[in-house]
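Look for subunit A in each of the two complexes below; its partner is subunit B in the first and subunit C in the second.
On to the complex of A and B.
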């Protein structure tokens, strides 16, 4: 069995910065990521086979990534980078199991950093399962990694600054964007937004540039607007949009139709917690941070000793926070392994904590705009699909969620919601928010939709071979 | 109506191209493209039919989470089209 002083799951900004920090102090690191190349979501690289001819066309995030990858290269001799490696199990005895090239292997770790990232918040409304409706992050991935535009006439619907990033990327790639719907109330927030950006000039500059591109392209940004329905025969042909009130509830009589062939949904992100759950870390629910999040110490350690969680997977807060948290966890691991003197690192840590506080100030303001409001989860009609894998409609779960004291796990048992091949990662967050909308108490621990290994689909062959090299 | 996906030429050049077979039809794929991308570029957006309602489904999350893009490749079911690279002459059933 392979051994690692530090195993890191996730090769995004959080995982990379933890690796750079620890490897820089002499720790032997193994990183596992299911993608072909490092970078995670924001720094997603072009797939092999494509040749970059003009870096500028790839946007500013790409340029930032070049820096990070350079740091990574410097310490690469101490890093064992396993791509195409999907971690499917974490076990009590400091072992993780992963599938790679059709085989399952295990690693024994001394310390573990989980940097699993986040994904777009699923929001059910009539027509959201039609081909041509995709997540904003998915569209970005198509543009960044595959250099393909999913359609010609695109509607962006959602909330928050990531929408501006997506719009910018799509426009640069030549897309015609019909409109950007911001469901939140940004107008009343400008002052707060500016306050939050104080000390975060990097963000403010980026934001401004994005807005300029959008204006120049003549794309309207419609505040307090939501998509209520996607129509079409086998593919999106039309989107119905409407104005909303401050609770994001549709104001009747304001519906309008837009002819589009693609809809990108960007309602913020939800945390990928299947790994911290599997490791039986304590969690808490915070809808502003993207759902269930692991409880952590100041050095990013979870309730399980030696297991750290950083980045969007531990609370959605963007790449800058992921980088900083990764660095903090890296230092903590170096200390735990007794590789550092102490005094100097304490100073670095204090500086990093301050940086985090600054980022969180901005995040809080963005949260005020983008934290989901009740109207968001009132768009589903009887025939709207809630669970995409098992084709379970809102009508089927409606009588259950209205029952006093019902738990997510009861609904799962009665309807199969959450038992499909996505492992409840789509319908789980929806179910929790539907329950919250009805005033139900959400349990502190995410035990409702319990996860079991394998947490990610790996082929039966991989699992059958799981005992081979232990 | 189908979608209007198209390959972006700006900023990149593509490598070799080859053909793959989707439901008996030959389409072009470039090195580095996933099965989902090649299909989308050919106007094929429907990757599976849902189990109960028999509705069309296509790429949704685009990062390997939602499992909507599962197709059968060379006889092996449940392959994620959004993550799996196209290979010359591979046989895809949607």
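On to the complex of A and C.
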């Protein structure tokens, strides 16, 4: 069995910065990353064979990532970076099971940093499963990874500044955007943003540049608007949009249609908590975020000793926070292993925590803007799919969610919602928000849809080929 | 509103309790069903989903199974909601010489008992299940009455019909105490209120011991874990429930603290494969461990190598109510009038549950049962630890 003083799951900014910090102090680190190269979703590197002629098009994050990759290279000799590694289980006795190159392997860790990232919030509405409807993250992936445009005429619908980032990237790549729908209130948003920006000047500069690009391209930003339906035969041909009130509820009579072939949805991100849940860490429902997050100490340690959680997987707050949290967790691991003289590290730690507090001020503002309001989960109609894996429609779960005292788990038992191959990643957050909309108390722990290994689909052959575990 | 009074309070919303409530209601009994979580939330909801009698032993074991299979058929005809019961026939395969004498002995005993089974050769086995590894098969046993069902739907269907007949079902309701005075059950107290009754059915499965304590008796039922894997949906490739004959040899592996494993494979109507199994004593822990997951994959790949690229989407484990003689505890209890046992089905609850429910209902309505259950009483010597 392989052993690691520090195992890190995820090669995004949080995971890499923890690795750089710990390896820099002499800790042997193993990184398990699902991707081909470090960087994660935000610092995604181009596939081999694609060259970058205009780094500007990739946004400021790209340039930041260059710095991080440079630091990574310096300490790379102490880092065992395993790409294409799919972690499928975290078990007692400090063991992680992962699949790689057609084999299942086990690694025993002393300390573990989980930097699992986040994914786009799924929002069900009529037509959301039609080809041509994709998530903002998916669109970003195409543009950043392969320089492919997702469609000819694109509608962006969602909330928050992330939409502006995606729009900026799409426009730079030559896309034709019909409109950007902001379901929230843009005027209020900017005012609040200015408050949050205090001390976060890098973000302010980015934001201004994004807005400039959008204006120059003549793309309208429609505030207090939502997409209510995507129509089309086999593929999106039309989007129906409407005005909404402050609770994001559709104002009737304001519907109109737009001819588009692609819809990119950006309703913010949901934390990937499968691994922290599997590791039996305590969680709490974060109403600002609209999702569950692991409970953490000041040094990013979860309720399980020696298991840390950083970055978007622990509370969606972007790459700057992920970098800082990763660094803090890295230092905490160095200290836990007794590799550092206390004084200097303490000073660094204090500085980083101050930095984090500044970021969090901005995060609270962003959360306030993007926190899902009730109207977002009232768009589904009887035939709207709620669980894509098991083809469960809203009609099937409607009579159940209205029952007094019902729990997400009960609905799963009755309808198979959440029992498909995504393991409830898609329908789990939807179910919780539907229940919340009906005034149900959300339980402290996300016990509604249990996580069971393998957390990602793994072939029987890989599981059976576990050769090195004895 | 919470129930104030009932002729019978059934504790446990698994398949046994749900069937009991349904059959009592059919006889016009006023019934309340209490479930601490949700119906089919424990062993009844996570299991192999088999209606299986092939490996049941001669005597009361197979008698109960055959009776219950007839009740499954009856329910299929009379319940409104389909629960995907398919009597496809079941197959046991032999892939090691040491299994043969155990299997032959089992067939002899069953024949003598009037419940014969059919031995099939390797060629026939492969005709029945073409995907099995032809290099390993020595032969098998075929049982046409066995099959699969959907336990969650079965329980949901029983509950729905019971509610129509007036049964009050209280989910997320926990029994806190049972009042017994002068040797008679008087009432059941829950976290939501007290129900006056003079009859309680203990269908609490692995928790039957907890309920027993409330009336001052010891119920020797303990949780025993079985783990399985679920794959992605694939086109039909397994046509019957398949069990490996290693079960006949290593039946007790795992009960001595180790990890037992053996082949269990079937395909649900949805297309997902349900593959097993490992079993071990894990107390009330429902988590699966790495060794279980890998062992199950190995056992199944050996039996069906062409499954190697099929993806597993999750594992699950449940604990079954285990008794020392592998038989359920059914019937009245000495010294506590009105307290009826219906627990300890040892992982055969899906097959035996509907029959057990029917028998308990008969007992309470007529004082007699169509299958004699005297030897399943709590006081039998096989259950005493000494």
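Rule of thumb we're sticking to: the second predicted complex is superposed on the first by the 453 of 470 C-alpha atoms of A that agree within 3 Å, B and C clash if a C-alpha of one lies under 4 Å from a C-alpha of the other, contacts with A are read in each partner's own complex, and residues count from 1 in each chain.
Assume a contact is a pair of C-beta atoms (placed from the backbone, for glycine too) under 8 Å apart; a residue touches a chain by one contact, two chains touch by 3 or more.
Here the structure is a predicted model, which means the values were calculated and not measured.
Look at A:453: by the touch rule set out above, it reaches subunit C but stays clear of subunit B. Applying the stated contact rule after C-alpha superposition, one finds that A:207 touches neither subunit B nor subunit C. Put subunit B and subunit C next to each other and count what each touches on subunit A; the higher total goes to B.
In the superposition on chain A, A:97 contacts subunit C only, with no contact to subunit B. In the superposition on chain A, A:421 makes contact with both subunit B and subunit C.
In the superposition on chain A, A:409 makes contact with subunit C only, while subunit B stays out of contact range. When the shared chain is aligned, no partner comes close enough to touch A:24: not subunit B, not subunit C. When the two complexes are overlaid on their common chain A, residue A:261 makes contact with subunit B while staying clear of subunit C.
Once chain A of one complex is fitted onto chain A of the other, the partner contacts of A:306 are absent, as it touches neither subunit B nor subunit C. Subunit A residues 390, 420-421, 457, 459 lie at the interface with subunit B in one structure and with subunit C in the other.
In the complex of the two chains, the subunit A residues touching subunit C come out as 89, 91-92, 95, 97, 104, 106, 390, 405-407, 409-410, 413-414, 416, 419-421, 423, 452-454, 457-461, 463-464, 466, 469.
If you check the complex, the residues on subunit A that touch subunit B are 34, 41, 46-58, 119-120, 122, 129-135, 137-143, 146-153, 172-174, 232-237, 261-262, 272, 385, 388-391, 420-422, 425-426, 457, 459.
By the touch criterion given at the top, residues 1-8, 10-16, 30-34, 37, 40-41, 45-47, 50-53, 55-68, 70, 76, 78, 82, 85 of subunit B touch subunit A in their complex.
Residue ranges of subunit C in contact with subunit A, taken from their complex: 37-41, 45, 152, 156, 171-172, 229-232, 270, 275, 287-290, 293-294, 297-298, 300-301, 307-316.
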